[in-house]
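When the chains are written out, they are named A, B, C, D, E and F in that same order, and each has its own residue count from 1.
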Amino acid sequence: MEVTLLIQATDDSFRILEDARNQAKGLLDSARILEDAREQAKGLLDSARILEDAREQAKGLLDSTVGVTSETRQMEKQKIQTIFQGVQETKSGFQNFIVTFSLLFVFWILLSGKFDMFHLTIGVICSIVVAHLTHDLLFANVRVGDTMVIVRRFIIYIPWLIYQIIRANIYVACLALSPKMPIDPHVLRFRTKLESDISWVTLANSITLTPRTITMDIKDGEFFVHALDKRVADDLHAGEMEDRVAHIFMEADHIYIQDALDVARIYVELRKWV
Amino acid sequence: MIRSSEDIIIRTVSRVLVPFIQLFALYVIAHGHYSPGGGFQGGVILGASLVLLLITYGPKETRRHISEKSVTVFSSLGVLIYSGIGVICLLLLGNYLDYGKLSGILHVAPAEARALGILGIEIGVGFTVMAIMFSIFFDISSGGKPPEDEKE
Amino acid sequence: MIDFIVSKYNYWIYIILMMIGFYAMIGKRNLIKKIIGMNIFQTAVILFYVSIGCKKGGTLPILEHAHGHAGQVIQASSYINPLPHVLMLTAIVVMVSTLGVAIAIVIMIYLKYNTLEEDEILKAIK
Amino acid sequence: MRILNLIVVVITGAILIYGTMDMPGWGNPGSPASLHVSPRYITKTLEETATPNMVTSVLADYRAYDTLGETVVIFTAGMACILLLRKRRNGHD
Amino acid sequence: MIPAFDFVILIFVVICAIAAITVKDLLSAVMILGAYSFFMCLMWAEMGAVDVAFTEASVSAGIGTVLLIAAVYRTTRRSRD
Amino acid sequence: MIEQAPVLIVVIPLIFAFITPLIGWGKKELCYPWIILALTLSTFCSVITLLTVINTGVIHYHLGGWLPPWGIEYVVDYLSAFVLVIVSFISLTVAVYSKKSVEQELPEKITYFYTIFLLQITGFLGIVVTGDLFNLFVFLEIASLAGYALIAVGEEGAPMASFRYVIMGTIGASFYLLGVGYLYMATGSLNMADLASLLPDLYGSRVVLVAFTFLIVGVAIKMALFPLHGWLPDAYEKAPSSVSALLAPLMTKVAAYVMIRIMFTVFRPYFSIEVFPITTTLSWIAAAAILYGALMALAQTDLKKMLVYILISEVGYLVLGIGLANKNGLTGTILHILNDAFMMVALFMIVGAIVYRCGTREISQFRNLHRKMPFTMAAFVIVGLSVVGIPPTCGFFSKWYLILGAIDASQWVLAGVLMLSSLLNAILFFRVIEYAYIEPRNEHDSGGESLVVTSEEAPLSMLIPIISVTAGVVLLGLVSGRIISTVIQFAVPACF
């Protein structure tokens, strides 16, 4: 009886031991799986760090390649500096007026072609009146203080556009004259990085002016362009024109002076509080 | 009928064009002596630029540039300039609209005085025509409804 | 005969235009059509006047070399007759004024009767 | 009714064609219109009004009163449109 | 003055006039009227009446057409004749 | 300043009209005295002009200092000075009268209404005073455009009536312009006196014949001569009452003046009598117009509509005198321009006053009107007698001269038509007077009510013009001999 009980107890303990060993084994297994997971996570983190590096490198690359906008940035930085240091009002309205006036007066001289005192006086008076009435129209959404630069850059932009138009003309002529007529019309749809309406319109009209492409519609920064064939579409996606327009209007990939102005106001408030 | 247009291209292009249209109109008025044109044509072009503003930006925005009251004032002012020049000639003991008599106060030769008189009345005509063309279009397009309803 | 017709072709065309406009004014039932006819009718009259002013061998009625050649004698036959042009400037102004008033009246009618057909309006008035 | 209108139109046209028979040829420099009054406008405009554009000088000087009338016509039309169509804005005039 | 050119424009003017009073859609009729005015002004410019042509271009083809279009939008496009 | 009076007649109301909208922005009530002031000054100038003409003869006024064939000329002779005084006086009367009725009918548009009202009068004055055919066209258009607008603000159906007037008026004006163009093409001149000296050599030319036809047809449309009168009844009936009181007497008279000018000044009288015999045709058309107008008036139950048809018949009288083309006939016409202007303005003002008080124009509802508005109805009776042609009133004298003219031309039928129309007019007016004065006998119950009717006379600003014009109707009859001997006998073209 006693022996039977003992044997039974031993059996039981053995079984329990066995169970415990099994459980320990399972725990060990799961621990190993966790270890693996940790390893993997570590790898992921590493790769993320590599990616980060790559992005940094890419950014640096972009900065160095898109040199056209750096001048803009430099200028804006200076301006923001002055805004934050002196927290002064810019004389934007007056400058707009002066630029509008000089544009209109040049237009007047082109129309008139008379250089006697009387007609020049009339021209000055008319230009002042019209500029006074409409300077807020001509440069409505343009950021503060940039009108001079914009006009200069726009004038530089025009020869390039003409060159593009001539090139596209020749291309279309070749297409139309070639016996197979390899045209493949389709509608492109792309989102632009430009932000203000005047730059949208400049881009849209430049696209329309160039033969083989026509802007059909703009909806919230999304362009619908009808193009004549595939190569044209690739040209557009490459986005040289877009970059140049952005350069004119000092947009994309830079800080807004307008924002700086807004922040400057808050900044002044804060300084009062502190 | 008139509310501001949604199309971004039309809005922007008209915004940029309006100053140049207006300057061209003034050029047409001022150079009526040497080239085709004169007060009437220039006034119509000025009126057309205002109509362009009206159909792209709607009545509310346009009223900021030229209000109904100033339209009435301008239309009266133009004809008053015209007939006023005539009355000045009367006061200078000439006949009505005899600009040659203006040489007495302008200190120029009679022929030059006539040219200046012509310029004066062209300006008057331009004012009136601008204001009236705009006002006719405004009335017709708002079509008998008070302007409040049109303001969306 | 052919020569006779060809030498006055402007006048024949103006008569045709005037008849078209006149017919639209009294024959058409739609008010806007009547206004369009009115416009054509008046334009035809203006065409007639401009044709009167025409002069073969004349140039635009703007003096050339206005300042340089003061002593030069100006030949009347070398410039087109300016008087009909002046009259027609006035007539064009009258035309557009009439157009404006007529359109204003048409809009009043439309607001009241909601139609532009003359017979329907007359029925509504009765 | 339509026939009647057509008849009126055709009669008018016929009268006009009848009148056209005696007209001087188109663009004839010897027609009375270019001989009687207008030569003075052409030859004297610079000397009398210092304005090379004859149309302007006739419009605004020789026949300035017509132009005043023309401006009044425009003014009348504008006032007429206001009278017919403009409603007062609520409250003030 | 080139008679052939003159003649072509005259024919065109007559066609436009007939079309303007026969088209049933009022908006089209008004647009054709604008074209009519424009051809008319072309012809006058060609006949030497530059001032009249300028006025016609700015008044009839410009403001007049705009006024008529405003009226058509204000009322209705349909017409029975 | 006296030598500037002819141009001041036109320029004063013009400048005042330009300032009226500006005054209206400030204070609406000032518009009324403002235009009264303008018209008083203008009337004063025109009276001065008439006196100057009587004393010194025809006035030539060169606008801009340019001599006639090149510049625009104002020619004021006896006829135009006479018509000027009529037009400015009548419009002054109507302006005084218009205060209450405009306040009632168009309360919120007073400013612009008065602006256009003044421009309308300016148009009439400009037509009368000018001596240049194209200038006449310009002022004709000013008057027409103002008229279209003023008619269109009337009662129900007025816009449509006005639209038909626009169409007809534009046809008329374009025909006139076409006629002027033909004359210009044939002669190269636009000045009336210059044309009169150039035209006699060209009377055989077809161009001149066509020009004459178009001028006459154009003016006849503006005048609403019988077959071309289609626009008139609706337009004048539906216009606001002060507008029909202004347009009905003046538009037709001014157009008649233009017709006399064209037929007997621009063209020599023998042209329309012998070379291109249109006068006989005109007189028969005029006779038809007289009968048509009177008969249509008989069929109306609405007083204003009846007056409109009487107006058509009065246009017939005017043209009849022109068509007779002899001294007595033309004297009759010119005298009738004066008399008829007074009679028509009185009648239309009376209708306006009745509408203002009673709100109805139906003749059958005029019972007891003589108790309600005694002075107005008395004026109506006097003017009615004048229209019929009872001796002491002025209507008799012009008809008398017309009949004399018809007898001189040995057109007995026309003389008969004139008599017949007097009879018809008598019936017309007696019908209205019967309703207004004779109380219904059989309604004893309502008879008591009729006694209660209190005197509700028209307001003083309406009553004074009505009574003064009515007094004028009688007075003109009494002094018509002097008017003829001082003015009209010189106004008739010299060759008769």
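The rule is short, and it goes like this: a contact is a pair of C-beta atoms (placed from the backbone, for glycine too) under 8 Å apart; a residue touches a chain by one contact, two chains touch by 3 or more.
If you're wondering where the values come from, they're calculated on a predicted model, not measured in any experiment.
Undergrad: Name, by label, each chain that touches both members of the pair subunit A and subunit D.
TA: Per touch definition, common to subunit A and subunit D: B.
Undergrad: So which chain is farthest from subunit D, going by the mean of the CA atoms in each chain?
TA: Using the mean of the C-alpha atoms as each chain's centre, the farthest one from subunit D is A.
Undergrad: From subunit B, which chain is the farthest off, judged by mean CA positions?
TA: Relative to subunit B, the chain whose C-alpha centre sits farthest away is A.
Undergrad: When the contacting C-beta pairs are counted for B-D and for C-D, which pair yields the higher total?
TA: C-D
Undergrad: List the centre-to-centre spacing of subunit C and subunit F in whole Å, with centres computed as mean CA coordinates.
TA: Each chain's C-alpha centroid was found; their separation is 30 Å.
Undergrad: Using mean CA coordinates as chain centres, what's the subunit B-subunit F distance in Å?
TA: Chain centroid spacing, subunit B to subunit F, equals 36 Å.
Undergrad: Distance from the CA centroid of subunit B to that of subunit E, rounded to the nearest Å?
TA: The mean C-alpha positions of subunit B and subunit E differ by 25 Å.
Undergrad: Hunt down the residues of subunit C that sit against at least two other chains at once, touch-wise.
TA: 9-10, 16, 22-23, 26, 51-56, 58, 61-62, 66, 83-85, 87, 89-90, 93-94, 96-98, 100-101, 103-108
Undergrad: Counting only residues that touch at least two other chains, what does the list for subunit F look like?
TA: Residues 14, 18, 21, 25, 63-64, 134, 138, 141, 145, 148-149, 152, 184-185, 190 of subunit F each touch two or more of the other chains.
Undergrad: Quick one: in the complex, what on subunit D touches subunit B?
TA: 47-53, 55-57, 59-61, 64-65, 67-68, 70-72, 74-75, 77-78, 81-82, 84-90
Undergrad: So in the complex, which bits of subunit B are touching subunit A?
TA: 8-9, 11-13, 15-16, 18-20, 22-24, 26-27, 30-31, 34, 65
Undergrad: What part of subunit D is in contact with subunit C in the complex they form?
TA: 2, 5-6, 8-10, 12-13, 16-17, 20, 23, 25-29, 31, 33-34, 37-39, 41-43, 45-46, 52-55, 58-59, 63, 66-67, 69-70, 73-74, 76-78, 80-81, 84-85
Undergrad: Per the contact definition, I'd like the list of subunit D residues that touch subunit F in the complex.
TA: 15-16, 18-19, 21-24, 31-38, 40-41, 61-66, 68-70, 72-73, 75-77, 79-80, 82-84, 88, 93
Undergrad: Show me the residue ranges of subunit A that touch subunit B in the complex, using the header's touch definition.
TA: 100, 104, 107-108, 111-112, 114, 119, 122-123, 126-127, 129-131, 133-135, 137-138, 140, 197-198, 200-201, 204-205, 215, 218
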